[in-house]
């Protein structure tokens, strides 16, 4: 019997993707990104100046913080502010988003300015970290434009070297699939998040066996799917940024 | 010269109010409430069972947690999860929302069930705590309906004794005004948050002098405005709950 | 049948009030204040200089911290230092005391000096926050005198614009009463703390329904009682400060 | 030139010692102990039941918590609740008080009951930990009497095996002295706290060189002084407990 | 000019690897593992019973905690216990080690027993997480043997499905290299940690661009190196476990 | 019947003592010290500069941090970094080590430099704090030599005024014994840690009754044993420092 996905998509098909720029009106860049039912609000805050350890370096900094509303999920999660500490998963994803964005930023061209990306998951249906990276890139682009328009960045430099997006892939009942929603994610034997630049190079490859290990051939198929998915996401990002 | 408000409203006029029910699809009740540019996402989580100190009492519990996204405001605020503790203001508002809702809930009729209201401010333009109370009531009503439909609450009992809403009032340059946006809030000499039931009784009156003290006459005018505003909010809540 | 209070007081009568100045000998101002069995030790610490955010402003700062000894109450409470965090109630009361005192201080006249009021409840029998405000004012007055005598404040300026005191009022079995001890506090349907200046203006009005909501008429009666009580407290404060 | 003490006492003379029993009226035992200007409020809280690790053992537990009000000292100390953690010194002294008291308690005779001693320093002028131990013993004795009177402890068992008290000794400019106030404490080359039972046996000996080390002869002289001081304290404790 | 490594190794050559079993005598399994100058002490603690969320499941649990001594590195790092929280990197590595080990454990066969792997880096010269995984496997094997010998695990079940080891690979000046020491790690453009089972399947692939992104061909070369390195490590693990 | 020790030692005999200098290669001083099965890794970190409160004083600072690996003991202890706070015992021992070392350091001669001693217990079999002090002295001596060789300390000043070592003594079944391993420690009625300089003067005397109090004669015998033990340790320290 043929394998069929929970939402009838083809195995190499993305969920419906939507970017809403300017969702929060006070941020220098703000995007509500949707991968199907997954909704992440990405806010880019531009601050002249850099953390102490970069002062005087002439170059800037980009960092990210990921979090989830208590009721983004099917059952309520306790707030990390109430628990008094950030969990390991949150730390890990925040660091991943920051690294992914810095891979396409020319920090020297940014000058001594800092951009913080807040990625808050309003609704979680799988792939929140990849949606966060993909949306944060758009918010980042808007914040850099703001920095140029407001004279914080020289208008003649190229701060963004490329675009960056991310997608999850996984093996479900032996079938490699692209962009897993929550119901597929929990069934997947292998789960991989791949971050790819607009020109198709890798920034991060994070594959994890969850139950069954994976062989070299499966790894290759997963990478093929991820490259296809991120190349489509790159086009959608470009399209969103052209709107005004 | 006549006093005029930043957004040309009459002194006793509310900002445009909007309730979007079902904004988050996993919560038993979810409302995005807007008071002008202030946007608060209220999620009601229904859990059978009660905290240990109420076990065996036969009665339920309703509590609330308030928080703000880092970039809800014009400049970025550090996350309380990163700071490792909840600030005094957050605590105070969470407690206020919880008390306000419990004032209209028959906890015995709720039975040994708990409802947690998460009020996350997505955008802050003054009056976030009053918007949170007003929206949380609607989410609470939906969660109670869910509890009845799913057999957790007897369908023949009246859990909600009345509706409840809240509004801010304040004195700006000597003029008492209703429902202050941020620019007015910072200029106000006196700031008051008033929580009122649908039938017009008081649940909370919290008035604070910020610079100049206030006399009995001013206090009376502020209370009049608050009663007018909350009576309009009560109608809008009822209207929102009738939609399907 | 006539309503009668637990300690036979009239409904508009304060408990026995006592101020012992200089209780702690190292503080610039120190008062042990007693409202019946409620005992709060108020210490005012005068420090030249202001927090960073006020540096260079030419004006000073007054702040307060409220706490309770573990065995101030009938059963032992865990220390907040052991729990590793300040509870919501503590934060709320500390902020209330600070705001109440600042309402009567001319911060410009104070100059770049800071005064911290530590209000530690040694014994708690209801009304600890109102006793704290009332006692803290006396300790503050002493600390300001100390600042003048020691050349930190110009002797010809008026730092205190007025006195300030506070009292609790509440509705017990339908009867509005002044200055509730613990046994009445737990029975009250409505509980209100009112902070009033020496000349009779309001600084804070915090009324909370605990079980039954309250109407406009009840609110007015409670405010009348509070004004009467604080006017008596203002006289007792003045008297205490005249002693030497 | 002869050595003379700051307050003209003989080198082997205690400061004026005072015990005020029943200072806090809700605690099962409560004593305000004074060693000169040092004032410590000791409250004993009696709770039927024991911590989990002792449940079913048939024997009880005695523990202590030491703390200091922010303005007990000449300059204000930050609260440990605000800092979010207990300092090393506080931990160390709390543990010392607990061990010292347990040395004279027959935990089996206490039965499965817990007594917590809260020792809060209201004013600090040297020797706060020794005053705390000395006062806590008296509060403990009262709490044990309470436990017997209220049927939690069998009336025919001897819970307290002996009394216990403590005193500081130190070497100032080469002269060993008993019961050091703050001004002497900071000048002392060696500082020793000694905890002794009513019958003259040692419970704790904690000697520390602060600048100059000490030899065996000096150690012996310090121990002699401590034994003399604690034998006087034991008499004063007995006397305080006889009053009614 | 030919590329040459800091320690003259071939690009596909491991550093000298050493396992010292039984280094800590109280643990059920204990291994000091060395990858060149990197030294990690791995202790496996066997505890009958499982965390609450697994109770009654009939299956066991394996978890890990990674930490570093303050002076494992060339400059001292502050202790995480002093900072009061675990950093993001520590969390991330602890989770990675736990997942890697669980990938080769039959948790049902383990029964309701828990094994905690403590991996403490005594000296850090690159590749601490891969050394930790490789050493922890050996300690885990010893702890499982202990569990069988002591009757906690049935002796006829196979708990370990395969061995697991890990190695770092990276691209330095364009040259892919195996098992990077610290000096190479900081120069690497791409850094990848690969966890592989004894039979050559992947458990984790974590590749990160640090400055320059990497293409598909480079990714493949890195994976080839990692597979070669882990296959050698698997032999050394087996050898170490045969010794007695 | 004659008393006999668990490991057949004479009552006044030390366990086998071993110092391994240079165990960690990055620290300015590093010693693995062994007292029988107790193993403590002591690392001295030399940093030019002093904490803020000593800046400009011309003199240096020496401090220590003590910790224990989770599986140093027969059953696993939770990490203090995971619990989020340092326990009382850890604080107490860290402070003791720091004070003990400072007693033999001429801080003025050290100049404005800081040395931190990290004492991590890798295996715990009684006497960990005394082993830590004894080993830390050797690591400190090496770090001071490093400071002189690297021009941070003037080569003609004497920074170390004397050596310092420590040993535990205790009364077991009425018999005073030197250097207790864990099995004896838990049986001891009285436990004393004594820190002594090379010339035989006391730095710290910390005696604690654990169950039975002790009299003056027993105290004297314990001090005799401690003086004998530390005099032997001083010789072994000198010997270790002569090796190269």
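Read from first to last, the chains carry the letters A, B, C, D, E and F; within each, the first residue is number 1.
Simple rule for what comes next: a residue touches a chain if its C-beta (ideal position, glycine included) is under 8 Å from a C-beta of that chain, and two chains touch if they have at least 3 such contacts.
Molecules present, by chain and UniProt name: A, B, C, D, E, F = Ribonuclease PH.
Note that this is a predicted model, so its numbers are computed, not measured.
Between chain A and chain D, the least number of touching-chain steps is 3.
Both chain A and chain C are touched by B. Residue contact pairs shared with A-E exceed half only for one pair among C-D, A-B or B-C, and that pair is B-C.
Distance between Cα centroids is largest for the pairing of chain F with B.
Centre-to-centre, using mean CA coordinates, chain D is 51 Å away from chain E.
Taking each chain's centre as the mean of its C-alpha atoms, chain D lies 28 Å from chain F. For chain F, residues that reach two or more other chains under the stated contact definition are 84-86. Each chain touches its neighbours in a single ring, whose members, counted from chain A through chain E onward, are A, E, F, D, C, B. Put simply, chain D touches chain F in their complex at residues 85-89, 91-92, 94-95, 99, 103, 192, 197, 200-209, 213-216, 219, 223, 227. Considering their complex, residues 24-27, 30, 37, 41, 43, 45, 47, 65, 67, 69-76, 79-86, 90, 116, 118, 120, 122-123 of chain A touch chain B.
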